[in-house]
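Shared between the two complexes below is chain A, which has chain B as its partner in the first and chain C in the second.
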Partner chain A sequence: MSKKVILSCVVLVVAAVAIPFYLEGFWLQAGLFAMSAAIGAIGLNLLTGATGQLSMGHAFFLAVGAYAYVYFAAEPEGGTHALGGLGLPTPVAALFAVLTAGVAGGVFSPIAGRLKGAYLGIATLALIFVGQHVLFNAEPVTGGYNGRAVPPMELFGFVFADSPELVVAQVPFGSLERLWFLGLAVLTCAALFARGVLRGRPGRAMNTIRDHEIAAGVMGVPVARYRAGVFVLSSMYGGLAGVLIALVFQRTVPDYFGLLLSLDYLAMIIIGGLGSVAGAVIGAFFISLLPQLLSRYSDALPLVAEPGSGGVSPAEASRILYGAAVVVIVLFLPGGLLGLARRLRLAVTRRLAPVHATRKTPLSPSSTPSPDTRN
Partner chain B sequence: MSGTDTSVPRLDVREVTVRFAGLTALDAVGFTVEPGSVHAVIGPNGAGKSTCFNVLSGVYRATSGSVRFGDAELTALAPHRIAALGVARTFQNIALSPMLSVRDNLMLGRHRLTRAGFLSAGLRLPSARREAAAHGERVTEIAAFVGLSEHLATPVGLLSYGVQKRVELARALCMEPRLLLLDEPVAGMNGGERRDMAELIVAVRESLGISILLVEHDMGMVMRLADAVTVLDFGRRIADGPPGEVQNDPEVVRAYLGAAAESTTVSGTEEVTS
Partner chain C sequence: MITFLELLVNGISVGAVYALIALGFVIIFKATEVVNFAHASLLLVGGFVIARLHPLIGFWAALLLGIAGAAVVGALIEFLIIRRANVISHSVLAIVTIGVDIVLTTELTRQIGTDVLALGDPWRDRVLHLGGVSIAETRIVALAVAAVLISAFLLAFKYTNWGIAMRATAEDTETAALMGVRRGRISMGAWAVAGALAAVAALFLCVFPTPGLDRSTTFAAMKAFPAAILGGLDSTTGALAGGLIIGVTEAMMSGYQNDLVFLGRGIGDVAPFLVMIVVLLIRPAGLFGTRELARV
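This part shows the complex of A and B:
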């Protein structure tokens, strides 16, 4: 079993490293969006999937991360539309951006610690409206309606941009190819960290708060403090996703960080599988790549018309499909895509080794209560 | 066991009153649980037994009165602070995480005895890994004691009701408690399971020497196990003393049987309180 896991990890890593050498920019950008979404979705899954705290405000923390990075990294500009900036080294700016998102989460955490489930969802809606207002109106920091250009990341003298030119194995390495590896590394670290949290002491406490809040308290878990802590951690993941998306986009625009983005993130974790890292990653790739796939191959799809020709446009078709997918998964796959994958794997191993599979789950008939003793 | 205090103090419940809007659920109830004894709280449905437990574990706040555990005043503390003093409880309706394995559910019992936070767990620091390994061993021991060794890797949701009840007890034991509150540990169990659970409770008391406070409907079991019994009816204490004495108390007989003369065994009564 562990050999299989190692083998599949190796295959995954080789594939991920090889992709920029074979795929065009369009797919690299789509992949990078998916990676950024995966980081954000992991954060939301810690909060909503593992702890049972609904958040509609995840897009707000992405915005905080993205804009904070720009503000910390950019040089101040004068002129009629003066833009502020601290001109910090970009890795420091990225770190501070994540911390700023954490602080924003911390400011909200007294509320996040006290409210549970759907009530927190309603309260976090406010963050979206406040966020949109600030993004449009705090022009010296956010650039207002037009947004701001994002300074490229520079790590130990290596610039994640199109210039200076770089050619690796006869493939020109532009900003997307370079960012691909950065995104891959950041996503891997984010996923491993979240996995450690979920499998360790905090994860058990979070799951028990979700399943039985009173039991969690009685077992010694400070429920409000944990809720607040998970909220801060989840905002930091949102901030990190925001930094990465800003680097890929190369421009931050306020419209992007609206309620729809928050809903997309909720859809990701529900479709992928609530409460796990793998579920968040699968859901993020599904939701981010589906519209791109549909728009790219729209001419091959039946019933999808050219944009502007009056029929169902690719963007609309992908929205419809995406809505249908959410409904189907909620109805038929309670564990999401990850649950489906697990079930398929179980079915395959059962078929291959039926004796082995039955021996794994021993039954204890003696302790099954009968109807007449339970009354 | 992580240097926590292992001496067992006395639990003193004094004049505890709980009111919900117009309803008085507990009316100036008082009793004392002597160190190392098994004390039972019994009474008909709606008598206030579960409310009493919820006050002791900090889930409900008492309107007035005091609960002292050694030097600590429990009525002023949040549930997790009471847990930190070594007060563990089980729930009448199973309150486990069904998706987690038995081992993970039991490890939650170690929460108060362990330290790993988000950072050390996320980074898998050596301290967090050592801690998890050491406490994992103790969990294995406790699982063997309770008879759950074969189920350790199984998600709790797949286990039968009787086994889940044992997981509840094992999780409470994993807290290394000084006072164990058992809320109807044999409710809904069949004869064999009841006997097993009663034997287990006796074994816990003998091997750990901790105080056990028990809410139970099964009168046979209460009479066999308890050193002292407190009887509640409509939120008031109507009797208190050794089991033999309480059993023959006219007030108790009236409360339990009213005018109709049935047997004194009130086991398996329909459950309404929680």
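This part shows the complex of A and C:
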């Protein structure tokens, strides 16, 4: 790694750690949603971006993760609307929730392994509709229409909730501030793991399946097994994102996990950049923060009206914006925002390169760029 | 028995409407190899134009304009977006249509708001009685119209120059282009036809017994996706069979819902997708789809 990369990493980490001390709850919550969306988007990017398998059912796995966490962690409730629950310790419940999402993906693998591309996209639509049906009807587990309250996470005696009170450096640390660090840690681990998968042998196999399925098969990649495997991995990422979203929301409602959410995730990876971890993260932050930004500054923006006043509401405006962004990016910016950033950097270094060369050549004989700086 | 017959006729009629949507979907796939996720929004465009214009210019003129409108929107999507997209993988193009769908659906549902728009059709809620079996007139008209349109389309597909050019393009794009088939025109025509069919389907999805055009119409239109895929994405016959299977299953499951309480409320809406999964488990390319073979 070059010095620049290390430096930018350090800056990023310092900024991420400092944010809860300076920003208000609104932005922390938005940031947490963006973080959980980033985890889900990384998973979807492994499947759709790197392996070329379209999935419209990602929201289903988020729902599985969220509801499984609630079910495993909650104490059973009696009364007229009896709610089941296992009352497991919350970290165990979170782990089981992710595994459950993986199992759900595995159950779908006879289809996920055999169908390719857009065919799988339509088949996974079924997950959304069946999922919604189950969420509304399996009331003892999901709480039906009204959803369920989410028990706060408790790690080694440290509770991620508003009470007991905690003040760090004169900043009151509520649930959002505490969850911020949990989210940060989980997102970092998830991103590093996915990066490892993509850069290693499995990543190459996945890209080959996407680019040329037959070539992959001929070279000894078990195509069907890989497709099913990536589907399971991606659904586990979805489950993890679901757990985090449930913790931030503090309530799970079935309406949230609909088709629109799946489309959001697809838009994230397209806008960020297909097939890479950084692209998924960038896209997730873009899509999750856009409606928040628009609603926060709706009075200052033309064309965007207050919600409920008949005009274009911030949520609708942002949907239209990123729907259009998806189209524009595929047409003009293959590679998404990440690709754009790379291209800009390339253009800048090219423009600077001749100046560098003339100034540096007499001083150092080896002016050929090292592999790190060559891009 | 009478309930069964009523459900069967209703199912076939709804199925014929699904078949219209699925047919458009299949035509687009054959001509441009794009899986068009914006199909539900094309349908919404047609329905919306009819609903907004019929108080002003009468039902039939509004219907014509609705069909034309959806066809134009379809052709525009092809001309402005699909044709310009320079991508290798068709699955990326499918995602582009999702982007289009997000924009169109958001804007149209915003226009519709919480209203339920009537389409001003001349059949209203009249019911026909045939020896104890009572069927809504709209269902009979839907069945007849769908049958006429589908057979007209299949004949055109087989005998007209347009149909032959289209089949040639589907078979082998490059050779067809060398033979003088205008590829751009073919794919634009396919999108326009698909839009027009979707608009007709929109009419019959929104008339009695459905209350009218509202936000949830897109979800009704979504049921044509399983119809298309369980028949086989590249088969027109498959679209018909798929539509009928989906329509009848849905009608039966909703009709006998009270005997199927253990499956939960609203099982009829989920049934099409369950059928699709079962079919895909047995035949991954759909009932009539060509299995993809490759020589290495």
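We adopt the following convention: the second predicted complex is superposed on the first by the 352 of 375 C-alpha atoms of A that agree within 3 Å, B and C clash if a C-alpha of one lies under 4 Å from a C-alpha of the other, contacts with A are read in each partner's own complex, and residues count from 1 in each chain.
To be clear about the criterion, a contact is a pair of C-beta atoms (placed from the backbone, for glycine too) under 8 Å apart; a residue touches a chain by one contact, two chains touch by 3 or more.
Since the structure is predicted, the reported quantities are computational estimates derived from the model, not experimental observations.
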Partner chain in contact with A:266 - chain B first, chain C second, else both or neither: second
Partner chain(s) touched by A:114 [first = chain B, second = chain C, both, neither]: second
Partner chain in contact with A:229 - chain B first, chain C second, else both or neither: first
First, second, both or neither for A:196, with chain B first and chain C second: first
Touching partner for A:218 - first (chain B), second (chain C), both, neither: both
Partner chain(s) touched by A:341 [first = chain B, second = chain C, both, neither]: neither
Partner chain in contact with A:326 - chain B first, chain C second, else both or neither: second
Shared chain A contacts, counted only where both chain B and chain C touch the same residue: 210, 214, 218
Parts of chain A lying in touch with chain B, wherever the complex brings them together: 193-194, 196-197, 199-205, 207-208, 210-212, 214-223, 229, 233, 275, 361-362, 364, 366-370, 373-375
Touching residues on chain A, where the partner in the complex is chain C: 48, 52-54, 56, 110-111, 114-115, 117-119, 121-123, 125-126, 129-130, 133-134, 136-138, 210, 214, 218, 259, 263, 266-267, 270, 274, 312-313, 316, 319-320, 322-327, 330-331, 334
Of all residues in chain C, those that touch chain A in their complex: 35, 37, 81, 84-87, 89-96, 98-103, 106-107, 110, 222, 225-226, 228-229, 233, 264-267, 269-270, 273-274, 276-277, 280-281, 284, 294, 296
Contact set on chain B toward chain A in their complex: 57-59, 78-80, 82-84, 88-89, 91, 95-100, 104, 107-112, 114-118, 120-124, 128, 131-132, 150, 154, 158, 160-163, 171, 175, 188-193, 268, 270
